[in-house]
Amino acid sequence: MKKIVNDPESVVEDMLDGLISAHPDSLQKLPDTTVITRKDAPITNKVSLVSGGGSGHEPAHAGYIGNGMLDAAVCGEMFTSPTPDQVLEAIKAVDGGAGVFLVIKNYTGDVMNFDMAAELAEAEGIQVEKVVVNDDVAVEDSSFTTGRRGIAGTIFVHKIAGAKAAAGASLEEVRSSAEKAVANVRSMGMALTPCTVPAAGRPSFTLDENEMEIGTGIHGEPGIERKPVAAADAIAEELINKILEDIEFNQGDEAAVMINGMGATPEMELYILNKKVNQLLKERGISTYKTFVGNYMTSLEMAGCSVTLLKLDKELKSLLDAESSAPAFRV
Amino acid sequence: MELNAQDIITWMHKTNERLQNNKDYLTTLDQAIGDGDHGINMARGFKEVVNKLDNENYETASDALRDTAMTVMSKVGGASGPLYGTAFLKLATSLKGIDPVDESSFKTGLEEALAGVKQRGKSDQGEKTLIDVWIPVMELFDNNFSPEKLTDTAEKAMENTKDMKATKGRASYLGDRSIGHLDPGSVSSFYLFTSLADTVKGGE
Amino acid sequence: MKKIVNDPESVVEDMLDGLISAHPDSLQKLPDTTVITRKDAPITNKVSLVSGGGSGHEPAHAGYIGNGMLDAAVCGEMFTSPTPDQVLEAIKAVDGGAGVFLVIKNYTGDVMNFDMAAELAEAEGIQVEKVVVNDDVAVEDSSFTTGRRGIAGTIFVHKIAGAKAAAGASLEEVRSSAEKAVANVRSMGMALTPCTVPAAGRPSFTLDENEMEIGTGIHGEPGIERKPVAAADAIAEELINKILEDIEFNQGDEAAVMINGMGATPEMELYILNKKVNQLLKERGISTYKTFVGNYMTSLEMAGCSVTLLKLDKELKSLLDAESSAPAFRV
Amino acid sequence: MELNAQDIITWMHKTNERLQNNKDYLTTLDQAIGDGDHGINMARGFKEVVNKLDNENYETASDALRDTAMTVMSKVGGASGPLYGTAFLKLATSLKGIDPVDESSFKTGLEEALAGVKQRGKSDQGEKTLIDVWIPVMELFDNNFSPEKLTDTAEKAMENTKDMKATKGRASYLGDRSIGHLDPGSVSSFYLFTSLADTVKGGE
């Protein structure tokens, strides 16, 4: 394990200090927490957005704080959902009287911790609503199990819900737009190499020199298939097909596309992948409304990528296009 | 069996020792079918638990369990944090006003803890989670309890999770491929209950 | 070598196609070249900026095309300076009558190829000026040798010169501001792992499991020292000290700071490094005016980082703060 | 020695063959003290050169050299592209109107090529660059030239770069640590001149 770190036990704390040093005018850390909020929080009468989860997915989630996106990000330990007390602090800090909206990724830990925080906040008289993002089609969606995971599609949900809130919508309206985004977003990822949590000191899995894994989770959860590394075009086809098996697009439907790097993938490779993704969508009569290529939801130094499609309607398009000042998603 | 505040503190110390010593092992188990943080989470949380318990004075077992719950809840994180936190909190609430804790009350406490865990986790027996250790352990009390049986029952229950297919928690993403691996949360629950057995036995 | 690519020989072409697919409204590729320009080029009466170099440093340089930064980027083969004919095409495409300004990184190949293109353009009646960026203090500056390399500090030079040009300055004025930026910018890098050029198929160097290299170039050129991986704080100190040996800062001087990832370094590590950099600057009485943390000038999937300091005066501050619509450097 | 258009084409074919066969070796040399692309650059460029030469008709050596120059200039890139490009262009210009090319004219051509390279590269003898092969080769012509001597001289000159310290090009960043490695550009220049020797010898 080679990393630019000091004490592996304090990476999250050190990172957050460095983050605040870099953005002293726009971000603040609530004292004695791992909660980052916009510096001008709370915004009176605006529905406030809180997201969060384990650390190690940077720029998720603190990079998405800004006008038109999040008001706060709750940063858990490495790959570990933050605790209810931390989420509660975030909710209390950003509530501007119009209620707080939680964007939760569908992991047992996140769901439980955020739910408990919501209960505590409601007990204190704060209105709370939430959405649970479950875009990862690598996992079977079943009501008997935990269901699909939340991965890079979460960024689109931040954007949609954040734009809606910035436009002055009510908590209920924000929830309804966010749910529409969740219903229309699907992602599928793959990994070329694993990553190492600093305190664990060794990778969560290993792949042979010419092996890739399809469907790996953003915490190194095992995927659905291992096989020899394929060409970019074949990878694009496999990811897109898996997504399109799960969500129906009709001729002429428009989509926002995200080609997300897992942390160690050169931008060059993401663009090479995008070339084929774009072509495949065109072949299927799907029109690409906007494309986002970069590291949006990472897994430390994992090499690999995910592809996300968000099926758009008029409302989603205008919310996607609305201004955002978040450093990791400037629009 | 009787438990007072000091017994709870001893119990948590013994649990913490096992968690610290097996942090890496738990992490390895979680890397196989989860995300590899269970050992780190539990070790971090219980270090804080014993720290907390050592720095306060407790009149009753319930009070000590309450602080255990709050510390676990705010320091463990992940799925196991709220689940263990809920369990200890329900146990503490159920045992309020009962000191020392007798076997029958403890069983009721465990029942309520389990109900809380099931509700919080939307989970039940046979889904390859720590519930699969807590249920047989709970059934042992006020029946034919002995420290040896406690360790034995918890250990067997833990081992039984190996052949289960996970339908809840992170391991559920693996479907059938979760079979053949121990559930990390069941292993940490085994540490918890074998530490309780040690505590009841006394000594060390 | 594990990569998301098709034919290793066509990675640059494939990447550029994917880039244009992602930014169809703002970017275009000149037919039969590897030149990317803003779609609305040429801008009449504005001095136009052309930069470029070998590929493999993404988002450099095409990511810096936009209002307030570059008008064109000339993309060479992997780590290989583009040829004069390509640079000439770029110059011709973006000249809006006010002349073209070239930002060149100080490598023998880049300097020669851009110089030849400038000569050819001048022969065609286009005014051309240039600046050569040489911010890398890992290399000794000597008039008997090639001198210091151009690395991440180049991005600041793009920003300063681009803002000046956008403000309506003359070619001569743009040159003078760009030269001021070059005179005041210094960088120092390090690597934890090497990178592999797809067509080469093997890494340019190797490092042991617990070794790092100080001063590695952005093309894998050997650095100045190898030693066991140090803590983030020690790395920060070593890089900052080396920079401050080379450029004098007085108490109260202001600096722009760039913490640049080499491609495979998690953002988390960059922020951890930034924490210490920020503290070291404070200790030395240097005030941090703005901080940029991210992948700005990469070396494919190399793990490592560089630190850049740009010493600011009033003019440089206002040019740094000016608007930019470049996707990789939005201000 | 006499060279006509066909000889130039043969020369470039032989050079191309050597470059393709030694692409990896040149890359390895460049990885040691540069950025590892010299083999890739030269192989890409000369593949285009022979392609170009095979698809045109040339009256004179100068014409074939001119197209060689233009192709190298636009296809090699890096430092070696403009340097080799300049060299061939100066050679072509110097040999204009002389056909077939005699030894003395060729020497003058090489002198002008060298002058162009030095000016373009701001470099001179002893800086561990391809110049260190071109100078002794140039001196050989119109003196006591033979194909064998050409190969010999180029090879020795190439080997001499090993002990030099680079003060120009990418290897100069290494300072003293550049000593002990062959200069990649000198090795490709050796391929060029030993291919010329083969061409002059005829056969194959």
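Here the chain labels run A, B, C and D in written order, and each chain numbers its own residues starting at 1.
Operating definition for what follows: contacts are C-beta pairs under 8 Å (C-beta built on N, C-alpha and C of every residue); 3 or more make two chains touch, one makes a residue touch a chain.
Not measured: the values here are computed from a predicted model.
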Fewest hops from chain B to chain C - one hop per pair of touching chains
2
Every chain in contact with both chain A and chain D is listed here as C
How many Å are there between the centre of chain A and the centre of chain C, using C-alpha atoms for each centre?
29
Quick check: how many Å separate the C-alpha centres of chain A and chain B?
31
On a C-alpha centroid basis, what's the spacing between chain B and chain D, in Å?
75
So what shape is it, when you link every pair of chains that touch: line, ring, star, complete or other?
line
Inter-chain touches occur between A-B, A-C, C-D
Touch list for chain D against partner chain C, complex:
27, 31, 33-37, 40-41, 44, 73-83, 120-121, 167-170, 172-175, 177
Chain C residues touching chain D in their complex are 54, 76-86, 107-109, 112-113, 116, 138-140, 144-146, 149, 197, 199-200, 204-205, 217, 219-222
Please output the residues of chain A touching chain C within their complex, sorted ascending.
2-6, 11, 14-19, 21-23, 55-56, 58-59, 63, 192-193, 209-210, 212, 229, 231-233, 235, 259, 263-276, 278-279, 288, 291-293, 295, 298, 300-301, 303, 305, 330
